[in-house]
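Structure record follows, encoded as structure tokens.
Order of writing sets the labels: A, B, C and D. Residues in every chain begin at 1.
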Amino acid sequence: MSGSTFGNLFSITTWGESHGRGIGVVIDGCPAGIPLTEEYIQQELNRRKPGQSRFTTPRKENDLVEILSGVFEGKTTGTPISLMVRNEQQRSGDYSEIAGYYRPGHADYTYDVKYGFRDYRGGGRASGRETIGRVAAGAVAKKLLEGLGIKVLAYASSIADIQMESFDETEIENNPFRIPDSAAAEKIAALVNTCMAEHDSSGGIVECRITGVPAGLGDPVFEKLDANLAKAVMSIGAVKGVEIGDGFAAAKARGFANNDSFCMENGMISKKTNHAGGILGGISDGDTILLRAAFKPTPSILRTQQTVSKNGQEIDVQIRGRHDPLIVPRAVPVVEAMCALVLADALLSNMTARFDNIVKFYS
Amino acid sequence: MSGSTFGNLFSITTWGESHGRGIGVVIDGCPAGIPLTEEYIQQELNRRKPGQSRFTTPRKENDLVEILSGVFEGKTTGTPISLMVRNEQQRSGDYSEIAGYYRPGHADYTYDVKYGFRDYRGGGRASGRETIGRVAAGAVAKKLLEGLGIKVLAYASSIADIQMESFDETEIENNPFRIPDSAAAEKIAALVNTCMAEHDSSGGIVECRITGVPAGLGDPVFEKLDANLAKAVMSIGAVKGVEIGDGFAAAKARGFANNDSFCMENGMISKKTNHAGGILGGISDGDTILLRAAFKPTPSILRTQQTVSKNGQEIDVQIRGRHDPLIVPRAVPVVEAMCALVLADALLSNMTARFDNIVKFYS
Amino acid sequence: MSGSTFGNLFSITTWGESHGRGIGVVIDGCPAGIPLTEEYIQQELNRRKPGQSRFTTPRKENDLVEILSGVFEGKTTGTPISLMVRNEQQRSGDYSEIAGYYRPGHADYTYDVKYGFRDYRGGGRASGRETIGRVAAGAVAKKLLEGLGIKVLAYASSIADIQMESFDETEIENNPFRIPDSAAAEKIAALVNTCMAEHDSSGGIVECRITGVPAGLGDPVFEKLDANLAKAVMSIGAVKGVEIGDGFAAAKARGFANNDSFCMENGMISKKTNHAGGILGGISDGDTILLRAAFKPTPSILRTQQTVSKNGQEIDVQIRGRHDPLIVPRAVPVVEAMCALVLADALLSNMTARFDNIVKFYS
Amino acid sequence: MSGSTFGNLFSITTWGESHGRGIGVVIDGCPAGIPLTEEYIQQELNRRKPGQSRFTTPRKENDLVEILSGVFEGKTTGTPISLMVRNEQQRSGDYSEIAGYYRPGHADYTYDVKYGFRDYRGGGRASGRETIGRVAAGAVAKKLLEGLGIKVLAYASSIADIQMESFDETEIENNPFRIPDSAAAEKIAALVNTCMAEHDSSGGIVECRITGVPAGLGDPVFEKLDANLAKAVMSIGAVKGVEIGDGFAAAKARGFANNDSFCMENGMISKKTNHAGGILGGISDGDTILLRAAFKPTPSILRTQQTVSKNGQEIDVQIRGRHDPLIVPRAVPVVEAMCALVLADALLSNMTARFDNIVKFYS
């Protein structure tokens, strides 16, 4: 499978560069009969677009989505859904300069080594704009999940060393950082102001809670649900770490404390705790799936940095352009999208696990 | 792709249950002409087998590997390499009891929900013995990498809250914990003794350094090298977190500090630091690839635990059997194997990235 | 893998319905550095578009292609190439009637059963317009092959029972049937005139010769070159049979006569005959690859036919619209495209077959 | 996907060489809960083994199958099913001679070119023994199909130019040619006697009827049911052509005659004829699926043939060994197996086509 395709049954293929003609995605394997409109997808795209607050890049990108195929009379037809966003504002001039050197923390160098040259305008394929395809496809996956009572909710859980200390879901879309804790949001605003003044950027953590997941999703041994979530999230540019449930804290724990005891709850098998983060042996256990992704600070900063030119000269560079001091707020819908895609795929895959279900289906 | 297959070009399919007739793996896509013997693969398998020290399970498993196909006159032929280990000592009696309830921290419940029943003997397919196939296949991948000057080296970097404080590669196979720091090893021995006395277990972290990697490996955007490493490692049972380079620490960092400046070193483009862990934009940059995996404590402990039976009764159970108080030491070769498999696949994939190379190949 | 993706390394995903907003394809895995322009792709598309002669449908479809991504400064970048053709002339009114019944020989019924409903306008996804994506992607594959000296040449070898009796390559694009024999073309013109007068249609055979193919392409045992060619060609709507080399005639042959003796030719290993059609054991042998595809007659005919309505009434229908009395001439570039895609994929795959080549590549 | 894996959901990976330690297959994605025994699989294997009549090779191969994993308490568990047949009688001496030259009609030359060397003993991976894995896996697929009322029945429909003229299913296993027409069988016996006396071999056609198939199987546009059947069957060594329904005869037909009218039959939508062979637009229409495969004559014949040696000398060779004068009778179960595998995969894939079915499944 080539690099721009993700998923086995609910499968997406993204395309497009930052300053090319557009960005898009083709979704194949989406079941027929799901209601879908451009307005709905647009809402999700609007959550990732720049210019939502003074803490994100002031670039204006309307990013209007068009459904090119796969929907008829308001419903998915079971055939490929092609979604496209035309690129509009293209200050390619800002980037002509970077054609000649390698920006620290970016993929300029590695693309040049791999492919012999690169579309240097705005990072080309390695641009954050590539996530438009993910979010648009994720919106379709979320629609599928919604019909099954599954909800994927991501938010910032920390920026730099400021962590959320309370959880208020309604707060998430209320502050520019998408952190569910207004007090933390205020502290972060101060911190980001400092960052911006210093022409620097900051990292942070996105957390994702997936609720309403039936037990049984995920396939042993390599297509474990957590393995696919890890890949999905680590494939987002700037992510440097992923953890499920207690994650790295589990490495310091003892077995007796870390094991989640099973119990009965309303006549259903349940767990007293959820250190596992809703996944046992790679298969969902019916509990909330909990995941965290560590984002590095935006590599694009205005401060002078040292690097080398294409012809091997050590040089000092100051990268112009309008950049996010913080990628986390705009990454929140991207994490949701990637998690939704993994869940949609696992839901479809799980339908064929048992022969009795197959017999029932075909009789 | 079904759940027991991993890799696109250098592709493996594992099979086998803990107490079935055997465990094995089929490797497809391995290039022709690599020298391969059973003795070589056996050495790698011996590193993961139980009974290597008093800190691992005293179960005796010889785990002798047989090459069933794909090797002729001492070299790989390019056709599938089938490797098998017969299961020997099978105290299935130890497990008959667990047929009726769900062990906390194990996959018993999720397998039952998914498949309607399970091979409960020793965890069946969810047993740690499943990793035999990974290690055997990983040995072949390592042989391929070795011929290209690439070395994959894993070790324990911490157990519970005891971290390595120095790095001595020769120490790794010298202590029962595979930690490259003899002082840390002593502290860990004391800690594990306590654990064992309390019928408890401990988690830990495995770190992996991959050196000699050419720049250019990994495919944007979903088949990023780090995304595939994350999936590979997260697919190992008991892993709850993965990070690359600075990982979660990068979420607390500032951009200027986290960006690795490019520089010239012996006429080659290099980086002054390696916060990125050898991967930029999902593609290797020629630097050391650094990865860490968080392992939860072994869920199998002798202490009485609460759980539920298959028919929905809350019960207290004491799980018998001979278990590892610590999974990390035996997991070290498994992490190496999974990383080697990802690298082998990326090496093959990268050969077709540039048309000029293709023209050269066929002329 | 979902249904609209084809190929492993040189991989394409097509999308679009006959009367939706457009038709397109995303090519992933195309090597970087191949010169590519819209004009070049357009030439191939023009060969499949309707209205090329009075023997094809008089519908006017300009089918102008746009390269949306993956090409920079006139060369492929190694990232996904997105190609789109906007649908223009859409007499959906012609089709509203067929929403209520199932056209004989078409996929109306099977789509309705599978998906619960269908985009009935012009056949939706099952329309011949779907092949635009194939031809556009095939043009890119052909460009790759061209750089390696490989030529894919298809033509009609028979229409109804009129077969070509001589082979003149320059004649192929000279007559409306793309048959390399002007005498046969004249006979066919008379036959098709009769067909059209009787409101009927005719089948035919497309033959494809692929020359300049290096030995070694194709992977045993399921990814045999001939197996993939068979799938590629059989996936074209209206194809009911595929054969390689002597094909069905080989079923009547004796072994001694059918075996191709090896011989030396200009110091190279060659074959005295080519009953095998250039493939032995699923791997190319360096000889011309020869393939034939049987196309059924166009199912859309103006004559009154019997069928059933969606609500289960037996009815007589007369299908309006402007249809091809013969699909073969316009199918010629589609067969070429599918064969080129298979070859491109096999060429890339073969580069990783031998360890010595890998060592050479990375040193 | 590597060459020895077939199928997306019901996926198999075969391994093994003619004279290696054994031959086997791993089935992944087989649903849990299907009754399965070694005895059952053995029956299918016995149908393909040599020595069944004097018209097949007199080699003795017991080919006893062992289930190594994936079955517990007599039922499939949903995890990989590993099946192995140990190779027994290995007259490698017969083959040592062929190490130095290329047998006409065999894959010796193409393997050498591709891989640099080959396991020359008995054809290595290109041996007909490779089909053991197919038949064993196909037996499992057939068991799945059987539970859904689907029957896959193959037989010889012609040998050389002797065709079946009547169809008596009970006759198939009654004569050494597996042709459902005893009169034809007698004529064939005479013809094969002549062939054997002349140290020659003959080709033939295997036909396959699949009944009880629900409408809706197959995925547009590349994973069409007929496209996958074509690939499956063309991937069998010695197959040079495949056709569905009327096949190549459709190329000579007129549209009005070739279109199958829909009609009502017992309140169900049906077709008056079945020129289409049960597939419309790549999706099953509920009618009998009809397929034919053309097998070339066995290339291994005792007559002296011309060829070249590895070092480029033109030589005359007489290939020793015990060969089949006719591959068709033993290929019948192989065709059945490949068709069953495609159907099983399509059945699983089709379960996720409609959202309403998914909602029903999870509620």
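We adopt the following convention: contacts are C-beta pairs under 8 Å (C-beta built on N, C-alpha and C of every residue); 3 or more make two chains touch, one makes a residue touch a chain.
Predicted model only: the values in this text are computed from it and were never measured.
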item	value
Chain of greatest Cα-centre distance to chain A	D
Comparison of A-B and B-D by number of C-beta pairs in contact, larger one	A-B
Chain A-chain B separation of Cα centroids, rounded to whole Å	26
Inter-centroid spacing, chain C versus chain B (mean Cα positions, whole Å)	44
Centre-to-centre distance between chain D and chain B (centres being mean Cα positions), rounded to whole Å	38
Sites on chain D at which at least two other chains make contact	1-5, 8-9, 14, 29, 32-33, 78-79, 114-116, 125, 220, 353-354, 356
Complex contacts: residues of chain A adjacent to chain C	1-5, 8-9, 11, 13-17, 20-24, 26, 28-29, 32-33, 66-70, 72-73, 75, 77-82, 84, 114-119, 124-125
Chain D residues touching chain C - in the complex, by the definition given at the top	1-6, 8, 14, 102, 104-107, 109-111, 113-116, 125-126, 130, 158, 160-161, 195, 200-205, 215-216, 218-224, 226-235, 237, 240-248, 250-256, 258-264, 267, 269, 272, 275-277, 280-286, 294-301, 303, 305-308, 312-314, 350, 353-354, 356
Interface residues, chain D side, partner chain A - complex	8-9, 29, 31-34, 76, 78-79, 144, 147-148, 214, 220, 347-349, 351-359, 361-362
